[in-house]
Each structure stands twice: as structure tokens, then as C-alpha cells.
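Here subunit A shows up in two complexes: once beside subunit B, once beside subunit C.
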Partner chain A sequence: MTSETAIAPESGGKERKVRLNMHDDRLHFLIITIGPVLATLVIASLILLAMGVSPLDYYGYIFQRGVMSPSGVQATLTRMGPLLLIAASLIVCFRAGIWNLGGDAQFILGAVFVAAAGPELVDALPAWLMLLLCLAIGAAAGAVWSLVPAFLRAYQGINEIITTMMMTFLGGSLANVLVKLVFLDPETTVPQTRTLAVPDRLPRLFDTTVSSGVLLGLAAVLIVHFTMNRTAFGLRLRIVGANAKAAVHAGLPVATLTVIVFSISAGLAGLAGAVSVLGQNGNVRADWNPAYTLTIVPLVFLARFNGFATIAFVFLFSVLSIGSESAARRLGVPNYFTLVTMATLLILMAVAEMIDQRRSKGKAV
Partner chain B sequence: MAGTSAAATALDQDGPLVSLKNVTKRFPGIVANDRISIDFWPGEVHVLLGENGAGKSTLVSMLTGFQQPSEGEIEVAGVPQDLSSPQRALDLGIGAVYQHSMLAPTLTLAENVSLGRPWWQKPDRRGIADEMRKTANSVGITIRPEALTSALSLGERQQAEIVRALMRGSRFLILDEATAMLTPKDAEKLGNLMRLIAQDGRGVVFITHKLNEAVAYGDRISVLRLGKKVGGLPPEQLRAMDKTEAHDEIVRLMFGTRTTGSEATENTPPPQHKLDETEKPILEILALEVDDEATPVSGIELKIRPGEVVGIAGIDGNGQVQLAEALAGQRPVRNGRIYLDGVSIEDKSIGGRRNLGLSYVTDDRLGEGIVGAFPVSLNLLLKQIGDAPFWKHGLEQPAEIARNATEKVAAFDIRTPGIGTPAGKLSGGNIQKLLLARELGEKTRAVIFAKPTYGLDLQNIAASRNRIREAADARKAVLLISTELDELLELSDRIAVMSQGRIVGIVDNNETARQRVGELMSGVGE
Partner chain C sequence: MALFTEAFLTALLAGAISAGIPLLLVGLGEQMSEKSGVLNIGIEGMMLAGAYTGFLIAWKTESMGLGFIAGAGGGMFVALFMAVLCVRMGLNQIVIGISLTLGAEGATAILHHFQFSRTYPRLPATLKWDIPVLHDIPVIGPALFGREPVVYFALILVAVFAYLYRRTHFGLALQAAGDKPAALDSSGVDVLKVRTVAVLTTGALAGLGGAFMAIVGAGIFVPFMTHGNGFIGIVLAMLARGRPLWVLGGATLFGACLSLTTALQVAGIDIPTDVIQMLPFAAVMAVLIVLGSKANLPVSLGTAYARGER
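Presenting the complex of A and B:
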């Protein structure tokens, strides 16, 4: 413990110090949050210049498309739905100390089963019940796909990073096989499932094209945030994540909690797949795999598993990716330049954090 | 070989091989070695004895260059040397073999020996193997340098380590509890080996807890207690004594006696709890067996009455942890019964036992006692998550949690900047107070204390011991596991001694307890 944190009754000097610190802290906070963003813009601009594109045009266009134009904003918000659900899925498992990196397969299997079930159920059930049932099917499909890694981790202590990634390969292939052989729409030549008609999908918000999936995503992140921080259940999960030995000592059923965490996390990933189909695509094509999970992992980490920060990061990512899809068509900059921008930003933020930690350590000594 | 020539010249003289001159080592809040002077002579097996925490390990780590003395000097062959690094100690011919093998299990013995040589040289496996065989033969043992380390027994690995040390030119060999994990037969082999090595004009320091071994293989004995050298037996004296006399004398030195009145043995008299012999015990353990790879526990029989403190003495690693964890429910019970207030609890969960009034103050405070990153307030409730009034319908009640924390912090004098401070930032003593505050509630009927003062400073030791007394005064049943005999003598009504997973004897805490427990701990009369 440093002497600074000790409870010493020397008030006058200390108060001033605190005020100074607060001023310092605010400046500091600005530097480590805004700094990386500015540096990223500079670096990405240099790359664009090297490609012979004006950075001002490019970013101006993205900004206009992603934030200023109504259709762009609508697309951005719609895309946020599945991304937020995946973020919620990752927050749950990471805070419980479990690395569920199998989100891609859990997502795609959720999507495939929903795409298969939706058109079948739509005539038999009222719309709201069909949608609810489909969401449940998506979540269940994702959760089932995590059971093998869950039990291996809970009862055999086998590292879940490897098993969930292996299950991703299997799950991706299974989804493809299902689309091409089992759930194939006989009326099209392209291998894909039957398509859910637009009126039968998740309701749109007001008079826009924004799917209500984004509300599901926002709700999921907020509920997860609240549960982890404010409930006994969340606290138990956090203890397992922070110190598994202490969890055993305190009498928590660590194995059972591990399986529960896997189920929730994978269920949310499957739900993301369901929302993708019900809100956006209406069907699943063969070989479709947006591979959102690994993109969201660093976002969640940079947000430090905080729900609100996660929402902000996911919004930023959506703006960039929607904007750049149009920019690609207009300016000839490849679509994946978004990933270059995002990756640069993530690395620079991590570097800023490292410098920051080193600084505060230097201060403490 | 690199160190050989230096070592040979450095140690080629008549005086002691290595001398400690008034060596003191201080750590924050504790003096581990207090002005220790010992001469280690060539041709001798010099036995170092002492309880856990007597300062043996610190002494060894200074001799092997892992730590440096705060004061005093270490002379090697009459020349003051600065043993600034393990490499320096090796170069001066000081080698060490420990309780656990330091060989890489996936390599052969010869490959292990080749480690530590310059990386750009291709190891000459055959040459090294021949040299190993030769060195081994010179001390009368045979080893197979091509054997994979993991395929060998611990005894064989330690022989190989000794050969490695000799190949490096070590003229001064420290065997730090090297026999502790060995089978009796392997231990005997190692004992004979160290005698052979010493006869060659080398010096051997042998650290052990077993008196039989000390007397059988040692030429000279030095005893440490509480960081000080409290006495010893020179070769003439040791040879003149028969086995029993030697044992008695050593036990007297190691554990002190009340009659001599030397400092640190003057204790408060044993507790005078009013114990009613006819009263029903709170905690009753019958024929308990616990599985464990290293130290299985069996045949534990104990009864603890209200207000009684039963101490468990023994060298670390003789099944105390396994016993405590089995009682608390962290480890399955293989066989036997545990009754708490007449209810059999051996099949109950950790939480179930706690609800019936069983508390466990763990000695692994940072590892399992607390979640270091969590605030003090939550760590105080780690074992009551979800319980009213701190949670209602699963929802946190911050006001109640804070109230509880503020109360406990005040009642147990936990020194923390705030109840929101991460518990891992507190000092060891305050973390212990936090655990005590969590475990000693009104509902508690029986408490297991595992090494409750281990690693604490004097003030916190006193505070912890007071809590143990209070628990007994409040008519709780107390099981006190400790490696410090003085602590057990100060607090216990009876003292059970554990050795290799069994209780080898239970002693009433009276005038003869010190001697009796010391004898049981050191394996006299086995």
C-alpha cells in the first residue's frame, strides 16, 4: 500500500492534491480516449493517400453515409442488433473467466434453425408467437452447441478456448450442410433456406427500416450489465471468474455455474443469429458467415466489459462498417479498409492504455 | 568445467569451508536470522535443525546466493565473499539439493546436466554421460545418464542432482530437507551417500525435521529457534551420547523447556477453560479418511467440547491441509464420520456445513480466502452471497452491505482506506482480520483455524490469538492447526500431533507437553 492511500489526517495539503489529481485525471482521460482516435485517423489517412484516395473524401463520405443520411443511420442501427447480442454473450463469459470463442458457430446455427423454422411456423401461429418461438429456437441452438465445451471445461478442466474454436469449425460446416441438403428452398437455384417475407419479420421501429432487433440487443447488453453488477447471481459468476479457488472455498458450485455461463453466453450468440435472420436477412444462404465474434472480442475488452461503453464501441463500429461499404462502391476503397481502421484503433488504444498504466505505476513508486 | 578451478582454489585450505559471521537477515516486520555464527567444516555432515519458521530456509537462501545478508559476513575458505547471485555461489563451489527435484522431467539426466552451459555449444551427450557415470562411481552409486528424468523415482532424481552438483565442482553441498519426501529406504541411501561425500573432504549441510536421521548421519548439529542459533552438539559430544540422550538433548534445544527459563519459552500458562468432561462434544470426528496423492489422511479421531481448543501440531505437509479441507467440505471424505452438534455433516456441502455453524479460517489467505480485486465489503460476505438482508430477491442491497462492512471493519479493527478498497491491497494482517470477521459470527459453533498467525507481524499475531481465545470463551469448539509449538502451547487445551496423515498422539497441555509434542513431531520412538 502506498502512503498516499493511507488514512492520514493531514487534510489541507491533501485536499489540494486531490483537486490537482482530478484536473490531471480529466486531462489524462481525454488524452487516452481521444488520442488514439486522432492517431488512427492520421495513420489511416496516410494509407489512403498512399492508395491515391483523398482521406477527407473518404471519411467525409463515411460520416455522411453512416451518421447523416437517414438510410445510413437506419442500416447502422439495424446492424447493431446482432452485434450487441454478441457483445452481451461475450461480456457474460469473460466476466466469469470463461473464453467462449465459439460464438461464430453458435450464431450461425441459431440463424440456420430459425431460418428453417420461421417459414414453417408463419402460417400455423400468430406472428408474435412465431417470432418468440423463433428467438427461443435460435438461443437454444446456440446453447446446445456449447454443451460439449461446457461439460469438458466444468468436469474435466479442459481448456475451452481450444474446444470452442474446434466446435466453430464443426458448427460452420454443419450449418452449411443443413442449408445445402436439409433446409434447402426448392424454389430457388441458389442454395439457401426459404425466405421469411418482410411483413413477417421482427417489427420495424416507427416509420423507418430499423429493425426492432436493435432494441433486443440494447436490452440484452443492459440486462447483462445490470445482472453482473447488481445481483447475487452475477456476483457468483464474477467470483468464479476472478478467483476460482475462492469460489470453491466460499462453497459455490463452480462446475454448475460454468455450464450455466456457457449456456447463457452461447444462447445469446444464437439469439444474435436469430435476430439477424428475423430482422435483416430473412433467410440463410450457404457459405454465409459474417464472423462477427472475433471482431467484437476486442471491442468488449476495450470497453472493459462495461455495458454502456460496449454500446458506444459497437455503434462506432457499425457506423464505420456501413459507411465504408458504400464508400467502397463510390471511391474504390476495398470494403475491408474498415477493418484496417478498426484494427489500428484497437491497437493504438491498447498502446495508450499500456503507457497509461506504466505512468500510474511510476507515480505510485 | 566453468566453476571447477575457481572452486578448487577457493576452497583448498585447512580452516572451515564456509563460515557465517554474525549474519542477520531482516524482512519487513520480521528478523528471519538474528546474528547467526556457524562454521561448516570439511569432512563433516553438519545437521541444521529447527521448527518451521526457525530461519533455516533463509539461511540456505543466503548460502546459495538467492538472498543477501542484511548484516554480517559469509566467508568461503576464510575469505569474505559477496554471494550476490546463485551463479556466484555455484562458482564458489556451493551446491544445493532440495526437497523437490529441480530437474526438467522431460529431459534425460545427461541433458539436464548439460543445461546451463553456453547455448551455442552442442551438448556433448556422450561425454557428459561418461563423466556422470564416473562421478557417480566415485561416490559409490550407479546412475543411468540416458534415463528420462520423469521415469525415475524421487530418490534417484536427487542422487542425480547430487552428482550434477559434484560435477560442477561443488565442495560444499546443502541438502535442504532432501529426505522429506523420500521413502525410508531411499532416505537411508541418501544418508549413506552424504556420509561418503563428506569423507572426501567436502562439506555437507543437511537440513531435516527427523531426529533419527540427524543423529544417524550427522557429525555435528546446530539448532535454530526463532531466527537465532540456540545451541548445538559438536562431534565429540554427539559421539559420546547414546541415541536417547542425543534425542532428549536435541528436543530440549529445539523446543526449549519451561525450566531453563530462557527467553521465548516463557509463556503464559496454558489456558484454564472450565471444561466439563461430561459435556457433549460439538465437533466429533470418527475414523476419518481423506484421499490425497501426496499425503492421504486416515484414522483421524477427535472430539472437541464447547469452549475447548484442540491444537494440531506437526511439520507442514503432514496432512493438516487435507484434514482442514475435508472438515470444511472442500475435499471429499473417503470414509468416516464428522458430527457437528450431533448431525452428521460429511456428505453436506460447504454451504450446508457453514449454515450448521462450521467455520474455516484458511491459511491460503490470498489464494482462496479473498478475491483480491473485489472490495472489502463484498469479501466480507463472500460466503453469504444471496442471503438476506444483503440481497433481496437476488438483488444487491448496497446500504445493507455497506452497513455490515462498516460494522465489521470497526469491530475487527481492519485497517483499510475504505470498505470499497480492493481486499488484495490490504496487508497480510488486515486480510487475516477480514477473514476472522467473516468466519467468526454469532451462529458459529466450531471454527477451524489453519496457521492463523503464519506470516503476520507481532501485533497481528497477538490480535489473531486473542480472537481464538475469544472464540473458546464464547463456548465454541476450536480446532487450531499450527506449525508453531509456542502458539499451540499458549492456546490449546490438548494438542494432537499429525505425521504423514495420521494423528500419532494426543497430549494434554501441561508441563511436559512441550517435550512430548516435540518428541512426537520429530519421530522419536517410531
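Presenting the complex of A and C:
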């Protein structure tokens, strides 16, 4: 913290400012990326010390498991698949000015329908067709779940934050009902869907356990990034997002575009659910709901909806969540500690971004 | 019908109020934040902090009153971060709100882990105030007029807030801070101060709501126990469009649906909890689809105010 405030322009004299300009790029990089991470490490260390745990051991285990050990890296990369798809889903709607906060339900319903369809289709179709069809089912399930909020927003002007959150609670319960009553595997005692055998799931990369879902995730984020930035369609969506009234005057079909954005965004969230099932779990258990969306929302904001920055943040988040699961087990630190670390990191990143913005504003004057 | 016995109705109404009071408090709090232009997504964290501190103090001092005060304080503590980071420093309200919720979830779970490990000590039943005469009415009496003091406080608060928003200068300032902060600023009122007061009040109310869940509702503290109640509060505040009485109506509706499961079990009918849990949300969606009214949110909701910026 102190290192960042010290390099803020208002604290230095004229000479200092000149020197700042010379090292502009490097400083910029330091402030935005390394600063918050280091500051978080310091704060988290203090908390760990207070809990009587050696911070060095803790970070050692995170680093070892999340980045160094082959199985850890593979778990990290596999985890990234659904997360990246959710990030792509959020980038589309946020840039179009639409608050789709219903990602969790779109995700879980995508997952449930894929888990129900997969084992049924596996004997009837060739493997590649089954997988493609399942991905489509997941995306469709997500998209369908967003239709009501989409139409209400597009044609009635009803705030989509309310409706998508309603649909999230509804969808979470509906998924449970489906798993417990409709798609139940009769052969297990725990309520869950039938399980897709490992060979029938998404192909793994090379000789590793990394699911190819991560490639789908990377592709989705990059496609979304370039579509939003480089195509006419993306420009239209950005205009709707920047100023819907102006977009109407420019002759854009705002209502139609709104429904399209909802469908794409929710479809990607549903796809994330499909990838979770096809790449990793193979089934859906009752009451399973990882609720990824809420943690990805701030990451996407901090990346300023930039695809590449989003990928970097999602990687960081995956390392942290996979690594700390192992560190927690070994050191007796409750897993909840990750939540505190994440919160600290997000807040400090937001602070760093604000300092950075003020700095560039100060330069313009 | 055998379903509508006195015991069933009393259980339903009492349960509706027990489940509805936290929602009412949180909804009223969020409403004040939103009026002033701050979208408070950290409210779930504020609730949880209130639930934890409220429980802890009530358990340590064996005084429910102190527990509630501590709960409000716990919520306010989290709100203080929101006030400094979002109102004063102008950081993104969504990012900070979600971060505070995550942080409070983690922090309370860890603190609970180190204090109680895996045990969940239970608080004694809370003191109740029977209101004379009214308490003797069948069904409504025991469910509504023989309750914990906090219940009365929350209900009185609805009237107080309605008066505050409609009749007082501060109510007007709140509205202006959300709709046209620059105008408020030029009329000589400090926008940031108004928003800070609103956010801190929200924290106190959310904390009180959380404390109610822990002290009265459950009698224990369990990590993550607020279970999305804060988010329901956000929805309530948005649906109520600035009217405290609507928050009360919404909270009662949601509370009734949440308590329906228990009440039906009392009546000997078994319906899956998941189906029941869908009811309030399905009801609101149905209302929205049928009525299709426009939501009326403050113009500057979610944007930080910095003097002299355009």
C-alpha cells in the first residue's frame, strides 16, 4: 500500500514528476499488477501469522501445487475452462451495458441438462457428435433461462439486475429439483445424475489430465474480445451499452440486440456448465452449485473487459484457488482464507487502478 | 379444510415474520443506499458480519440487547469500508461490494473456526414482549404481538423511514444525491456526507438483520448462514422503488414463502424444500411479467460522485 501511495503524483515535487514520466511504462506495470499482489501477500502474511501459520509455508504450498507440480498445473488449467467461459459471458453483456447477474443459474442448468443428456446420447451417437450436441444443449439451456429477463428488459424496460437475480435463485432450485426428481441416477444413494465415463468426456490435451475445455474457454474469451473490439457487430453492441437512447437514434434495433446479447451471454454461461460436466465432473450432484459468477464479475471489471487481461486474472485466480485448497489441507488453515485473500486482492487492485487513473489525469492537465 | 387450523396459521405467520424481519431490515437499508446513489452489493457481507458479531456478543455477555447492538456495529464496520472506498475514493461499487461480501464470508468463517472449531453453541431463547390486549387475538396475536423487541423496532422503522423520505430535508437530500448529485452539491449540501450517512445506516440495518437471523432465527451462528438474504434485500429494494411500505410487503411475501415449508410440515404435508424455495421468486417474476411496469432507479445509481467532474 505505502509503496503505491508514495509514487502517486500529488505526493512528489516537480523533479519527481519528470522522473516519473521517464519510467512511465515500467511504473505503470508495477502499480497495476505487482503492487496489489505484493501488498496482498503482506496483508495475508500478517493474518496467517496471527493464526499461527508460517506464511512462507503457506505460499510455498500454493506455489508448489498451483504452478510447480504437474498435477496442480493440470488442475489449474482444467479449472480455467469454465471460468474463462463465464468471463466471456460477462464481457459480452457488460460491454453492451447489460447486467446479466444470472450466470450461476445459466451455468448450473446448462450443467444439469448436459449431465442428463450425455449418458443417454453416448451409445447412440459417435463421440464427437455427442460432445458437440452436449455443448449445444448446455448453451441452449443457459440461453433459454435468460429469455424472460431479456424480453422484459428489451420490450418492457424492466431492470435486468432484479430479474436475472430472481432467475438465479429460481434456476438454482430448479436444478436441484431436476437432479433429485427427474434426472436421478437410480443406482446411487446420493441424489445425482448418471455419470459420463471418463473416456466419453471432452478429450484431454496430450498425455495430461488437462481437459480441452480450457481451449474452448481461451477461444471464447479471444473471440469475444475481437468481436467486441474489431467488428461492426461489436461496435453496435458497444453503442447500445454506452448510450441506448443514442443507439435508437442511430437506427439500431436496440430491443433485438438486447435479446441477442442476453442469449450470447447466457449461452456462454450455459456452455461453461457443459464444459464443467463434460471436462471434469461427469455428473451433477444435488446441491452442487459452485457459484463462480460472483467471483468472476470483479475480475472482469478489473481487466476493464480486456480479453487478454481477463485471461491473466482468471489464471491467477485458478492458481490461488487450486493452490490454497492444498495449502489449507496441509497447514490446517480453513479454506475460507482464500476468500479473504481474494477480497483483499480485488480491493487493492481497484485502489491501484484508481491511483493510476488519477496519475494519468494529472498528466493531461 | 384441515390445513387451515389455528396452529398452522399461527406457525405460518410467525415463521413469515421470523424469516421476513431480516429481509425487511436489509431491504430498508439497501433502499436508503440506493436512494443516495450507492448500489450496495456488499450488503450480504454486512449481514454476515452482523450475524457473527451479534451472535458472539450475545453469547459472551448473555445479553440479547448487547448482541443486537454489536450486530449493528459489525454491519457498520463492513459498511465503513464501503463508505471510504466507494463514496470517498470513488472506486467501482460492484467490485468493492462483491469483494466485501467475499471478505466478510471468509473472515467470519475463519473467526468462527478458531473460536468454536466445529461446535455450534446455542443461545437461550430470546426475551419477548407481549403487547397487552392485542396479544390475545387468535393467530395474529401470538405471531405478531408477542415478539422480540427487534420485531417492533423494524416495523416502527418502516413508518420512520416513510416519514423521513417524504417529509424531511434529509430525505430530499438522499433523493437528490441519487438523482442529481451535482445539483445537491451546488445547493450547498455535501453529497459525500449524505452518501456516507446512507451507507453506514445501511450497514447498521443489515448487521441488525444478520444478528436477528443468528440470535432469534437460528440461535446459533453457522458460516455463510445469511444464504443470499442480502441479495434478496437488494431485489426487494429495487422492486419497492423507494417506498418503505413496499419493502414491508415484499419482505412479508418472501418470508411467508420461506416459512411455508415448516408450516406445511407442521400440517403433515411433505413438499420438497427446493420447490417451496422457488415460490417467492416465481411470484415476483409472474408479477413483473403481468404488470410489466418500468423500474424506477435513481439516475446516478452506481456512479461515484467527484466534485467538478463532468
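We take it that the second predicted complex is superposed on the first by the 330 of 365 C-alpha atoms of A that agree within 3 Å, B and C clash if a C-alpha of one lies under 4 Å from a C-alpha of the other, contacts with A are read in each partner's own complex, and residues count from 1 in each chain.
By definition in this document, a residue touches a chain if its C-beta (ideal position, glycine included) is under 8 Å from a C-beta of that chain, and two chains touch if they have at least 3 such contacts.
A quick note: this is a predicted structure, and the numbers were derived from the prediction, not measured.
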So which one touches more of the residues on subunit A, subunit B or subunit C?
-> C
If you stack the two complexes on chain A, which partner ends up touching A:G103: first (subunit B), second (subunit C), both, or neither?
-> neither
Based on the superposed arrangement, let me know which partner A:T295 touches: subunit B (first), subunit C (second), both, or neither?
-> second
Looking at the overlay, what does A:I239 touch: subunit B (first), subunit C (second), both, or neither?
-> first
State whether A:G279 touches subunit B only (first), subunit C only (second), both chains, or neither.
-> neither
Overlap of the subunit B and subunit C footprints on subunit A, listed as residue numbers | none
Inside the complex, what are the residues of subunit A that reach subunit C?
-> 51, 148, 152, 156-159, 161-163, 165-167, 169-170, 173-174, 176-177, 180-181, 294-295, 297-298, 301-302, 334, 336-344, 346-347, 350-351, 354
In the complex with subunit B, residue positions of subunit A that touch it = 1, 5-7, 230-233, 235-236, 238-239, 242-243, 245-246, 248-252
Could you pull out which subunit B residues touch subunit A in their complex?
-> 329-330, 349-351, 354, 360, 362, 364, 367-374, 378, 382-383, 385-386, 391, 394-396, 415, 417, 421, 425-427
Subunit C - residues contacting subunit A, complex | 81, 85, 89-92, 94-96, 98-103, 105-107, 109-110, 113-114, 223, 228, 231-232, 234-235, 238-239, 272, 274-275, 277-278, 281-282, 284-285, 288-289, 292-295, 297
